[in-house]
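Accompanying notes for the structure given below.
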Amino acid sequence: MQNILDDIAEQMRVRTDRGKVADYIPQLAAVNPNQFGISVALPDGQLFNAGCAKQLFSIQSISKVFSLTLALGKIGDAVWSKVGREPSGNAFNSIVQLELEHGKPRNPFINAGAIAVVDAIMMGHEPKELLAEILQFVRYIADDNSIGIDDKVALSELATGNRNASLAHFMASFGRIDHDIDCVLGAYYHLCSISMNCQQLAKSGLFLVSDGVNQTTGARVVSSHRARRLNSLMLMCGHYDGSGEFAYRVGLPGKSGVGGGILAIAPGKASIAVWSPGLDKVGNSKLGSLALEMLIQRTGWSVF
Amino acid sequence: MQNILDDIAEQMRVRTDRGKVADYIPQLAAVNPNQFGISVALPDGQLFNAGCAKQLFSIQSISKVFSLTLALGKIGDAVWSKVGREPSGNAFNSIVQLELEHGKPRNPFINAGAIAVVDAIMMGHEPKELLAEILQFVRYIADDNSIGIDDKVALSELATGNRNASLAHFMASFGRIDHDIDCVLGAYYHLCSISMNCQQLAKSGLFLVSDGVNQTTGARVVSSHRARRLNSLMLMCGHYDGSGEFAYRVGLPGKSGVGGGILAIAPGKASIAVWSPGLDKVGNSKLGSLALEMLIQRTGWSVF
Amino acid sequence: MQNILDDIAEQMRVRTDRGKVADYIPQLAAVNPNQFGISVALPDGQLFNAGCAKQLFSIQSISKVFSLTLALGKIGDAVWSKVGREPSGNAFNSIVQLELEHGKPRNPFINAGAIAVVDAIMMGHEPKELLAEILQFVRYIADDNSIGIDDKVALSELATGNRNASLAHFMASFGRIDHDIDCVLGAYYHLCSISMNCQQLAKSGLFLVSDGVNQTTGARVVSSHRARRLNSLMLMCGHYDGSGEFAYRVGLPGKSGVGGGILAIAPGKASIAVWSPGLDKVGNSKLGSLALEMLIQRTGWSVF
Amino acid sequence: MQNILDDIAEQMRVRTDRGKVADYIPQLAAVNPNQFGISVALPDGQLFNAGCAKQLFSIQSISKVFSLTLALGKIGDAVWSKVGREPSGNAFNSIVQLELEHGKPRNPFINAGAIAVVDAIMMGHEPKELLAEILQFVRYIADDNSIGIDDKVALSELATGNRNASLAHFMASFGRIDHDIDCVLGAYYHLCSISMNCQQLAKSGLFLVSDGVNQTTGARVVSSHRARRLNSLMLMCGHYDGSGEFAYRVGLPGKSGVGGGILAIAPGKASIAVWSPGLDKVGNSKLGSLALEMLIQRTGWSVF
């Protein structure tokens, strides 16, 4: 495994077609695109790293997996009255569909859906309390208490977040947001601003590898049933309008973020985190996707 | 396995919430809704049947898997210049997206996509020649020469097919249809009108279980690579706007048809066909989906 | 003329199909639906009233005519870089088109367009200053210094205005809002909350009757050219998705508000204000439209 | 008047920004763009021509005014169960709205609406019979028996008409087309292929100038009521997604065609036909619109 990762990291190191770094906030725009990291965590506790696997990055939308998991724990299937479970087409359709479907987002991994999930788990708490709870949860599943939030990123997101504010108010106009919109958005942006490195991220996904139990720590995070369903959601909806492409090329449940990270799960086999800041046209890490495709070809880990 | 299937068939027999039989053509509307069949084909050649597993039904959209497989064999990845690989939202969006994406259907399993695939494999042939080729291919992969087409269904489809004709002309207006539209639609409707029973359908899916090889007959149908990708497409797009729901509840690649059939693939394990004519709101067999959910719970065959 | 108005008012008084009063804020919901008023102002200064012509009501969207007129005076045709001049279909399409047209509202009389106009004329002022300017302008063109704003209505609008906030943030996400969104919305809601009676409203439209000059007071409000263009915009876009219907039945430039008021202009002949709180399905005063249709049949004032 | 027209024609003759000739069929693409004609017909029978006012051109969508007028005569207000009376946004929305509004076109002047009108007046006749009737009607209202149809244009339209065929099948899928689609489209394309010159076209509009009566011939074509409503529809919907712009700049009811012709009505004053083959971005004659704008500035004929 180490050889495979080293080889992949070397191939990634020399590539020149690295995609385009997200530039809508300065904190992301400033990231050096010539970085690549990969980590593989096995259920038996083994960890393999290559490249910048210990370099922190903003996990962005990958955090939506964590907030959804937490939501399922806190309110169970009631979360599905807030968001659906179907893939959503491109950004354009997100808005059309939000209107057609009376303000109910198609799934928890598009922005509107994640905002609705944050609203659902706020349950009268202050944003700070909720964030503390989320952070504690992420540290727990990743078995790493050093994980934190980059406040500068969160504040930048907030300052430029008109599209998300529009979505939140739009849902609220259908009576679908229970808390103060500024609080919900504040919590949402902080959630997106969790910083992790590949190793931490790979470890955080271990509970999805083994039917809800992080076998390394012994912690049962969710039921077997729910773990499988989280994986199905990641496969169907984890990469925005590139979900079909990712399933086609990689064949694993996964969730990407515009920070360039991807968490991928090979059920029963491994939790994988890759990171490279350059994005493809639909917003997924270009080298990250490619690296996963290579890894899967070498390991045969595709679920298909 | 036989016990599991018998048990499921018995549970399905007594249910009263059987969904609604498709009624847009008389041949489908006339089908008795109180039928249920299931077949499981294993790579080693074992076959398990329960219920009306040998009752013929119209496979309808399940045929889109076969036409796509054939297309990949005939023109390879050039098929992806004709159709995309992303899930498509509801019917409404299909049309919007077709416009936005300049007449290129989102995937080969929506009607527009399947029509484009038929056009792609027509390659100057007469519709009859193409149909003979498709039928031969289906008989080959199912290892059953008795499989045929129900012409009455095809003619009824043609007579009521204004929506499909609209889609075809719409694509043609973007220069995306190479052959005479009436010929393409004629071939498409005959393709949809293939009659199979559960046992035949289960056998036809065996090549998708074992990396492209039907291990029972030894026939290599597609490359390993391509078989996995067909499975990913079925998982992502196989059940129209219920694809996410099917992945969530069943967790297997599958393709449904409005005749009430579903073909599902458990990679490495089994090819499964179910049939019950009553449909749920998005057009997938209601008891068929439920039966698969039960089967997967008993067998643990979910890919997640 | 007085006989015509009395007759219409009497016919309106006894009708039972009065439409449905807007109920999204308590201040509008509480209005007695059994009211009807009509005023006709002639360029020579004559005024004819019937029914509750001196009962104040919330002019709501009718104010968009005043803010647009003011904007044309302040920044001239630069306003057309902010909003378009084409009719917009139903609410659904407003959002789709806003996306397709990169956040530029189709016309100044839909909510998004009016918000953009308010943003355009804010020009660094405080909302209070802007409101004072608008109010002064309305008093000037109506030649009535008693016209005021109903703050309770404005605050209610603000409290329930998630859809408008969504539109404003949406436009802002395309870089199309220059001022603080809360300030813009605050000003917008106060603008909508101007209270007028039919007589005041009819007088306020006189400048549109006579090529930009209120002949009663002698005040030139806009150029002849611009007055005619304001009329054309009112005809094309003045009644949301009922604009075609209004043009078809009444045949005059007009602007309606959900408070139940309508201002209609018969170029060269008269300015007409009607008010009845009950709305039809697309949000225009039901009896108001009917009364105008009757008035036009009696007077032949249709522009066609 | 003759001086005004001569002056306008001279100004148009020397302009170099003439727009782009429609090129989707060879018969239109071959038209020399350096042509301009204008005719004004007054109710008292006076006719003023300038430029190529006697050069035949394909009236294309202007014919939709004639088919609608005929339909109102044949089936009265029942035509409004087939088509609506609201403006339709851009082509994109036409399709979305057709879906949202269950196959009912927004108005009789978009292609889908005109196809529905042709279907409505076919009433079991053969296409040839219908065309004979339409042609007779156009000759009657224009008082000119030499008006004919250019069959080559019609056949070219038919050969390239996938978008229209798509619309027709789409409406048929909602049960909204009563006759054979090929017959309806055949009739529709022949209708669009009527050839007229500016003088004939101006004369054909005289009944819309004088409340339904062609005062030159004395023929009552439609009721006063209906003539005014036809004018309102032309103003609201006569120039596709440029209707607002035309109303804003010209201020007259009008209908354009991609052949470069425009028929405009100054109620009570004049019927005006202009022709110049180059089109602006939304498909209306560029110089034609400009010439009308100039004419209206000189004559003050704007309805506003």
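Here the chain labels run A, B, C and D in written order, and each chain numbers its own residues starting at 1.
The rule we apply is simple: a contact is a pair of C-beta atoms (placed from the backbone, for glycine too) under 8 Å apart; a residue touches a chain by one contact, two chains touch by 3 or more.
Computed from a predicted model, the values in this text were never measured in an experiment.
Shared contact partners of chain B and chain C comprise A, D.
Any chain bridging chain A and chain B, meaning touching each of them, is missing here; the list is empty. At the interface between chain B and chain D, two copies of one sequence, more than half of the residue numbers in use are shared by both copies.
Inter-chain spacing, taken between the CA centroids of chain C and chain D, is 32 Å. Measuring from the averaged C-alpha position of chain A to that of chain D gives a distance of 55 Å. Rounded to a whole number, the gap between the C-alpha centres of chain A and chain C is 47 angstrom. Among all residues of chain B, those that touch two or more other chains are 92, 96, 100. Here the chains touching each other pair up as A-B, A-C, B-D, C-D. Contact residues of chain D toward chain C in the complex are 84-90, 92-93, 96-97, 100, 106-107, 227-229, 231-233, 235-237, 241-245, 247-248, 251, 253, 267, 302-304.
The part of chain C that touches chain A in the complex is made up of residues 92, 95-96, 99-100, 162-163, 165-170, 172-173, 181.
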